Amino acid sequence: MNRIPQIIRTAHLEYRVTNLAQAREYYVDTLGFVETEATSDALYLRGLEDRNHHCLILRQADTPGIGHVAFQVYGPEDLALLETLYRPSAQFMERVPANTERGLGEALRIQDQWGFPLEFFWKNAKVAWQLQRYQNYHGFDVMRLDHVSLLLPSIDPAYRWYTEQLGFGCSEMTVTADKSTKWGAWLHRKQTSHDLALQIGVGSPMVHHASFISGSVPSLLRGLDVLGAQGDHRFIERGPGRHGTTNAFFLYLRDPDGNRLELFTGDYLLTDPDWDPIVWNLEDEQRQTFWGADAPDSWFNEAMGVANWATGQIVPTTAPTVQTRPTYLNRNND
Amino acid sequence: MNRIPQIIRTAHLEYRVTNLAQAREYYVDTLGFVETEATSDALYLRGLEDRNHHCLILRQADTPGIGHVAFQVYGPEDLALLETLYRPSAQFMERVPANTERGLGEALRIQDQWGFPLEFFWKNAKVAWQLQRYQNYHGFDVMRLDHVSLLLPSIDPAYRWYTEQLGFGCSEMTVTADKSTKWGAWLHRKQTSHDLALQIGVGSPMVHHASFISGSVPSLLRGLDVLGAQGDHRFIERGPGRHGTTNAFFLYLRDPDGNRLELFTGDYLLTDPDWDPIVWNLEDEQRQTFWGADAPDSWFNEAMGVANWATGQIVPTTAPTVQTRPTYLNRNND
Amino acid sequence: MNRIPQIIRTAHLEYRVTNLAQAREYYVDTLGFVETEATSDALYLRGLEDRNHHCLILRQADTPGIGHVAFQVYGPEDLALLETLYRPSAQFMERVPANTERGLGEALRIQDQWGFPLEFFWKNAKVAWQLQRYQNYHGFDVMRLDHVSLLLPSIDPAYRWYTEQLGFGCSEMTVTADKSTKWGAWLHRKQTSHDLALQIGVGSPMVHHASFISGSVPSLLRGLDVLGAQGDHRFIERGPGRHGTTNAFFLYLRDPDGNRLELFTGDYLLTDPDWDPIVWNLEDEQRQTFWGADAPDSWFNEAMGVANWATGQIVPTTAPTVQTRPTYLNRNND
Amino acid sequence: MNRIPQIIRTAHLEYRVTNLAQAREYYVDTLGFVETEATSDALYLRGLEDRNHHCLILRQADTPGIGHVAFQVYGPEDLALLETLYRPSAQFMERVPANTERGLGEALRIQDQWGFPLEFFWKNAKVAWQLQRYQNYHGFDVMRLDHVSLLLPSIDPAYRWYTEQLGFGCSEMTVTADKSTKWGAWLHRKQTSHDLALQIGVGSPMVHHASFISGSVPSLLRGLDVLGAQGDHRFIERGPGRHGTTNAFFLYLRDPDGNRLELFTGDYLLTDPDWDPIVWNLEDEQRQTFWGADAPDSWFNEAMGVANWATGQIVPTTAPTVQTRPTYLNRNND
């Protein structure tokens, strides 16, 4: 039998934070995540729409960055298929029993061929839904995790891996001006525009951002006003704006440790298997902002390192082999 | 000199409530008013946009209803002019020194010729603005008092009083189908569509509702969701909808004592003295709801009694001399 | 092999209209559907988010009602599986070649065991996306078809059919007060709260409504204002409001022929196969409207008949075996 | 008697445009202004909320810039008072008869002591209201003119002129870091946060921008999406954002000639004569953008020249005597 592993979706990720109390205040009190469980060195958070234990872990660490990125699969047989699939290329692979990470069943931990710390699992503890607990909404009304953006040395090999070996569909992609080279790809398993964004950036393996759904445009703007009112405007990096790609109404924030997250709302449902990817030109200003504003330099120059599963240390990075930004953005940077 | 009293605007009103703690929970915790000061028998509340001490007083009383309706004037000379003006017709008139009502300077209290308990003052203690304290916004994001709706036996005499003696402008009015008789009039001193609505209802003197500005349409809808989430949907009487008159996006609530308030957003600025009133036909369904839905029976059959300044008792009411509702609404009530 | 047919989603439906020009004006000019193609007796419409040929057909007919409801499947083998599955129970079954219905590949037409005219197909002509053609947005900014509500004599048999034979998941359900009987079920194939609502109503087989996604809450409210501005408020039957079930911000309209459609926004993504259905009590007022307002009588007393594939005539209906409305709604109807 | 002229509000202004057809397309078709009247060399536009002939004139000219800024007063006696007031200082003064400018009664034209071309009038032709013609709303749903921003060599003299001689109130002001010098002042006659903004900029006399009310936040964002969809994103200069000053949700656009306009929504009502101005520090980042984003250089370096009433030529400008931007903005400009 030739079955490929059945991934449901990008399910959660772990941010490393240097001050858990400060991070809790930011993510829960200010941004509006729901706290499911706290341990001595971690907080397990979810969104208002989540019925699972967590979509975000904040983990006490010496340095910021990404602890791991996790995908939920359909069942235990998918973990076995993944083991087989990754064995030749994985830098590290480990099965951990249920509850090694709170709320999760057994999991498969892999440092993949590009150095990303991934986790696969099929069982997640169920918790109460907060969707109609409107009296508790605050901040950005964070609903759920949507996607994670991975920085790669080049797009093609990872694109093939995710679409051919792991069954991801491609909703949209960006190509360089001469159309010869992919510069970004938006891949999905769940029926929205993405679960993963594969992109070029300052180095690899790094995570550019994780993106969470804000309840609506008013929710997103209210969150901005709350940040402003608290004097936390320094955490606002880019936006609000509308991406050309995926049509998302977006905002990018940094957390007190510098980790980057996106809040967004308003992409589209993608249900049909015969979808033709929408293709954008890297040099199209409206690709990145439909309203024409340039992204700030930090957007291109900074990203989050990822942890080594075995050592807990941040993985060394290498520069990409593809140009790191549109050429029109260099006009002010010479 | 022939100067008329210079009223700035409808400034506050007092709701009588039978359980102050319960009322506080409703108005402050749920609806989103800001508490300025509490005494043993009263709460002084304001909106997020208010820089004055209060726009709503909740007063402990044996029965619900309206304690009084207050207008701010420009200066002490206006109080004198009002005394002269009201002396022939007032049922009761009294000057009270500063701070008789918390936050207020000296005031003139009048039971007017229709039996309404009015208060005029010119000085109001200043308090901190909450407009950019977005982290405290909740419920309906109540901004400020907009207007009060007075039920009268007929419209014309009060219309003449307010426009000719007190300088109100008329933004819009409703007339009966044969155009012979005013059925409602929206009068303003401040530069919006109204400070007072003169209307026909179940009896007079009564107050149909007081209306407060909600920050925006999303604020108003969020408030509805909060009421629903708390199981407080029984307090929702009518709406949300759009009034034809004044173009307001509206919602009508009752409080735990049955007092009625409107939350609204979205009327217009009215700055020009040569404004021609917009005239609506009572039988035009879109007058009351631009989207065509009928108001519920309680809307026509119930209103709030007003207190006698001298005795604190609710003033007896008399039936109006004008039809109390559009004829098309009787089709289901025979 | 024991494979079940793989349905992607509810893909389109056909409304019968008695005046195609009038219907075009309503659906395209007023509501905001996009016209893909017109023939002498039909209009093929889609939403702003659709990249397929149509999600709604308006078909000239002598009487209003529903021509058929269509589901897209993954491939031709699914049509074969459906033929096998339906053969014992179908009242009518026919294969039609590509382009019998404009834009579609070969299709399987079935009058199912409850009398509903269904259509299954796997290929749909691709057309240009309008999602970022914001200059053309108008009316309700209709995005796509979401679901169709089928009225049945009782829920259980159809519930088992759709979940066991056709692989639908159940997001939410309503049970009678004694919990003995299902009164409604929200079933999905795509990853949202529903593709089909199975409900009890005035008769069966009938369709209560088809539901289309409006771009956002402001889109939905703007559409209401446009209807009001055009004097088309008579088409507004119920809402706006928030359903308890599915959390939808909803509005129900009738078309000039009396066909009913819902416009809604704001349910949730449902990706996980281990979802436990949310269960509502029929007697819970907040089930139907989270804000507590009763649905109008017409809501329960009126629905759309469905056509017989063979004759084109409306199928005779029978009364349900389950109570047709919450008991608390009878208080005003004795 | 010592009466001062009674100004109602800033009523309209005139933009000089080099291509009237192109300007019409931009302002009417794209932005959503309503066309009242066209002549061979001018277009008279109004907003959806306006019941007067125009709030914006587009005038064919060789060069862009501002033709004049106009204030409506209460009556003819105010024009006489203004003549007396301005006679000693005005660089030019002329009475013009009714209909010299379409829709206006007699007017007084003044080149004031700072070189600004002002117009005062008291009668404006009435035209149909579009507020409830929702089917015609498009673009930014432009409601009305709100204010005009005048660039001055220093703030104090003009501040005294407008507040002492012309009865303006001050809602908010900006002072330099050492608090010694006013850097900006928001002045109003109508009961909102401003009719005039007095500011420091690249030169004087110049107009930095005119500001028009957009119907709501969704209206403003929809307008942005329309600009993007049309490939007109190059006209978007700054925003969307929230100003600290006045709390406005703002957007700044340029027109095809480079003239600058603001679209905004969401300031506050200011009715009380005892209002204490809110004072901001020039170096407070949240003053200009509550969310912390810097204004672009063009914001400070570019503004619109104003016309000489007598010659029609743009008035030469002089540099300000006050620092032209916050010092923190120079960090990237050395």
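Of note:
Order of writing sets the labels: A, B, C and D. Residues in every chain begin at 1.
Definition applied: contacts are C-beta pairs under 8 Å (C-beta built on N, C-alpha and C of every residue); 3 or more make two chains touch, one makes a residue touch a chain.
Computed from a predicted structure; not experimentally measured.
Compared with subunit B, the chain whose C-alpha mean position is the greatest distance off is A. The chain pair with the larger count of C-beta pairs in contact, out of C-D and B-D, is B-D. Here the CA centre of subunit B is 44 Å from the CA centre of subunit C.
Look at where the CA atoms of subunit B average out and do the same for subunit D: the two points lie 34 Å apart. Subunit C and subunit D have CA centres that are 50 Å apart. Residue positions of subunit B touching 2 or more other chains, listed in rising order: 132, 216-218, 225, 228-229, 244, 290.
On subunit C, the positions that touch subunit B within their shared complex are 217-218, 221, 224-225, 227-229, 231, 233-234, 236, 240, 242, 244, 249, 285-286, 289-293.
Against subunit D, the residues of subunit B that register as touching in their complex are 8-9, 49, 51-52, 72, 74, 124, 126, 129, 131-132, 143-144, 190-192, 216-217, 244, 247, 266, 268-269, 271-276, 278, 290.
Put simply, subunit B touches subunit A in their complex at residues 132-135, 137, 216, 218, 222, 225-226, 228-230.
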